[in-house]
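First chain written, first letter: the chains are A, B, C, D, E and F, and each begins at residue 1.
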Amino acid sequence: MARHVSDSRVEMTEIVMPNDANPLGTIFGGRVMQLMDIAASITCFRHARCNVVTASADSLEFKGPVHVGEAIMVRSWLNWVGRSSMEAQVEVFSENLLTGERRRTSTAYLTMVAVDQDGKPTEVPRLELESDEERMRFRQAGERRTQRLRLREKHRMEEAE
Amino acid sequence: MARHVSDSRVEMTEIVMPNDANPLGTIFGGRVMQLMDIAASITCFRHARCNVVTASADSLEFKGPVHVGEAIMVRSWLNWVGRSSMEAQVEVFSENLLTGERRRTSTAYLTMVAVDQDGKPTEVPRLELESDEERMRFRQAGERRTQRLRLREKHRMEEAE
Amino acid sequence: MARHVSDSRVEMTEIVMPNDANPLGTIFGGRVMQLMDIAASITCFRHARCNVVTASADSLEFKGPVHVGEAIMVRSWLNWVGRSSMEAQVEVFSENLLTGERRRTSTAYLTMVAVDQDGKPTEVPRLELESDEERMRFRQAGERRTQRLRLREKHRMEEAE
Amino acid sequence: MARHVSDSRVEMTEIVMPNDANPLGTIFGGRVMQLMDIAASITCFRHARCNVVTASADSLEFKGPVHVGEAIMVRSWLNWVGRSSMEAQVEVFSENLLTGERRRTSTAYLTMVAVDQDGKPTEVPRLELESDEERMRFRQAGERRTQRLRLREKHRMEEAE
Amino acid sequence: MARHVSDSRVEMTEIVMPNDANPLGTIFGGRVMQLMDIAASITCFRHARCNVVTASADSLEFKGPVHVGEAIMVRSWLNWVGRSSMEAQVEVFSENLLTGERRRTSTAYLTMVAVDQDGKPTEVPRLELESDEERMRFRQAGERRTQRLRLREKHRMEEAE
Amino acid sequence: MARHVSDSRVEMTEIVMPNDANPLGTIFGGRVMQLMDIAASITCFRHARCNVVTASADSLEFKGPVHVGEAIMVRSWLNWVGRSSMEAQVEVFSENLLTGERRRTSTAYLTMVAVDQDGKPTEVPRLELESDEERMRFRQAGERRTQRLRLREKHRMEEAE
């Protein structure tokens, strides 16, 4: 069985509220991460049709501030699917509602694992790729996975020394 | 001027509430990220004595679930300080309050930038290292920084092709 | 100046959390209303490029329950634009993430007024209609407006008697 | 069995907080709706002595802004009771705590349905009317019900064409 | 100038939500304290017509649990008014909405101080007592005040030893 | 069986957010009480290894304001342990993150009772005292207990008259 990338795309829109923001009136990075994780969770849950847990988040970048009163849009889709793991890409855009200006402010790659009722990893449907862009993203996700595992192993050995 | 790692350590303790958790009753990764970002922000704010914004978060791992009703402890300290950037390490522990069992469940490295009232990067005090462990962490943080910048450059070029 | 209906469409996706729900585990109508109002506010703010306040909400229907752990999608667009008033239609869908089943569960028509910094009504761009469906919705919104004003007048007189 | 209107009256008082408000510092309509729905739910739950779900909300008007730091009072009582449906009227007042000025800012009629543990409609006690005002409200609620059903039917047919 | 006890009475009604409760499903004492403090703040703000800050809370008792899904009613009124200090009494009642059973579950005496825009204590109107019950409460509040100041002084001296 | 005071110490750190604060921008006393209650609950839960409920809170003092954007630290430890009751002391410190200035702003003594799954009081481990300071605090907690019971009895009789 297989599902397409388009089957599990998610779009969220929110207004940045005072409690989301630091004393400068710009959104906390952690609030952005929380929105990203929710969007990625819904994407992976939709693909897997079972509960998912966040395994890791690589390369979260915050390229510019989002201010209180601005809109924040979060878009999430699947880049890569393994046996029980999935990588979702999440992009965050800010929109100044007074000027209409939109900017991409953050990007992240979240790895989620499908789990059964006991929290054990469980198999997920295949991801049917449909375009060159989807294939490029699938390949890059694989590279990030390799890179991530290698760096972690290196530091684990140093800590053990 | 310089400050020590111990000057800006942060410890947070919370109880995991129903609204922090997915249908399996385990905390959302995004809620953990939010707690980590708050702890790292206070650490960096304490060192810099000025506002800070999250620039990136590398290598967030979630090694095990934290359940509703358990305590969650978040510890944050500085690994590395540059001109206006700082890397904080954040570790998360769960504690089953009925059995007393504690486990380390997540680790992350957050890069924060000190900013002035206009949101422009501003210089921060030096980090005075005091032990071999602090020096090892300072060196590894530098490696992560190099690795991160290199991987990003590679993907930026591929996207531009 | 004019903008299209498509320029201000909004889509929101959320997971229903325990604190959104009554003791039966189904979302409070008031929480749905709050999501609808936020979506309609962003739609009207996007069209008007100025702050908006909710003037009235007619005909909110809740056709079925949305359960804790399900996804809730809110879609909002403009039906009608006057001098400073706008009517947004908001539709709410539930999605059972385990089965993929989606249902439309609520519909509402919210009237918002564009206001300046002093809270006084201010003029908004015209709505450029592009399809027969958009024209039918424009006409029905006008009917609802007439109906609403007439019924209110009637009860106001009865209260004054 | 029967209960009186006075048996299920509800009064709520809150202070408007920054997160309840738009960038102009006035409460979101959706937050007011949420408070109204909670008040009406408690009123109907008290009368029915079983869980209730919101079926519809007609004619919510927002006559003036409520500002951050002001108090907001919500009063709710029953207008009409059918077999398993009930109409609650909810009125919202703002109070400027510095001047003591109070104003009625919103009114709504919410229809709730009493449900059993499976979410199926269940019978509720009769409403024992005690004054001419209660009898006038009972009659007007019936008119709103008729009007609402007629308008909906009309649009349903247009949509089906 | 003077105001009556009845001029600043406050009543709040809430439903206990999952996030207000511990793993046993009963409301946290701290959540009850927060509701009490809000009610007392509104009472004192109404009497003083200026901002107030909480100075102390004596003798909070929690006589029984309030469960998720139950209603909680908070009533607050003034017992005593000095130059810039006021003592509010707050009583909390739980109501099981399925059975109609109500119980008084907590009582507290909160002392608030009226402050000007710089946070400095400022004079408040006199409290015009109207009944024997109000006079008894005024006298008991004075006793609590004396008792509280004496006990604090005693421990301050022991700590200084 | 016995546990030490150090086994159940808790430290929490938070940033004061806009929604925690009154119109003057200083934290609500009730929000401080809520943080204190959570800290004391975790302390008592850790000692007892079973659920705890708040029985009373004596002598909460709020010695100075904590402002939005400042850090708030809450420290909690056990003073006294009876058969099923425990007294935790909670101290609150504010920290101005721009200047580094720290001040103790509140102190409270919370009495908690260990309860089993049915909410009935249950026995807790003994508290093994290790220093003169711990012994002085144990003794003072006993005095507060006596004082509290005596004053309550006096007022109960007056109310009954």
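Rule of thumb we're sticking to: contacts are C-beta pairs under 8 Å (C-beta built on N, C-alpha and C of every residue); 3 or more make two chains touch, one makes a residue touch a chain.
Remember, predicted model here, so these are calculated numbers, not experimental data.
Between chain C and chain F, the least number of touching-chain steps is 2.
Across B-E and A-B, the chain pair carrying more C-beta contacts is A-B. Just one of A-C, A-F or A-B has an interface built like that of D-F, with over half of its contact pairs in common by residue number: A-F.
One copy, chain A, sits rotated relative to the other, chain E; on C-alpha atoms the angle is 180 degrees to the nearest 5.
Between the Cα centres of chain B and chain D there is a gap of 46 Å. Once the centre of each chain is set as its mean CA position, chain B and chain C turn out to be 40 Å apart. Mean C-alpha positions place chain E and chain F at a centre distance of 18 Å. If each chain is reduced to the centroid of its CA atoms, chain B and chain F end up 29 Å from each other. Contact of a single residue of chain A with at least two other chains is seen at positions 18-19, 22-23, 38, 41.
A complete list of chain pairs in contact reads A-B, A-C, A-D, A-F, B-C, B-E, B-F, C-D, C-E, D-E, D-F, E-F.
Those residues of chain D whose C-beta lies close enough to touch chain C in the complex are 22-24, 26, 28-38, 41, 51, 53-62, 65, 110, 115, 117, 119, 136, 140, 144, 147-148, 151-152, 155, 158.
Those residues of chain D lying in contact with chain F across their complex are 17-19, 68-69.
On the chain D side of its complex with chain A, the touching residues are 18-19, 22-23. Chain contact summary for the complex, chain D toward chain E: residues 10-15, 38-39, 41-42, 45-46, 49-50, 71, 95, 97-100.
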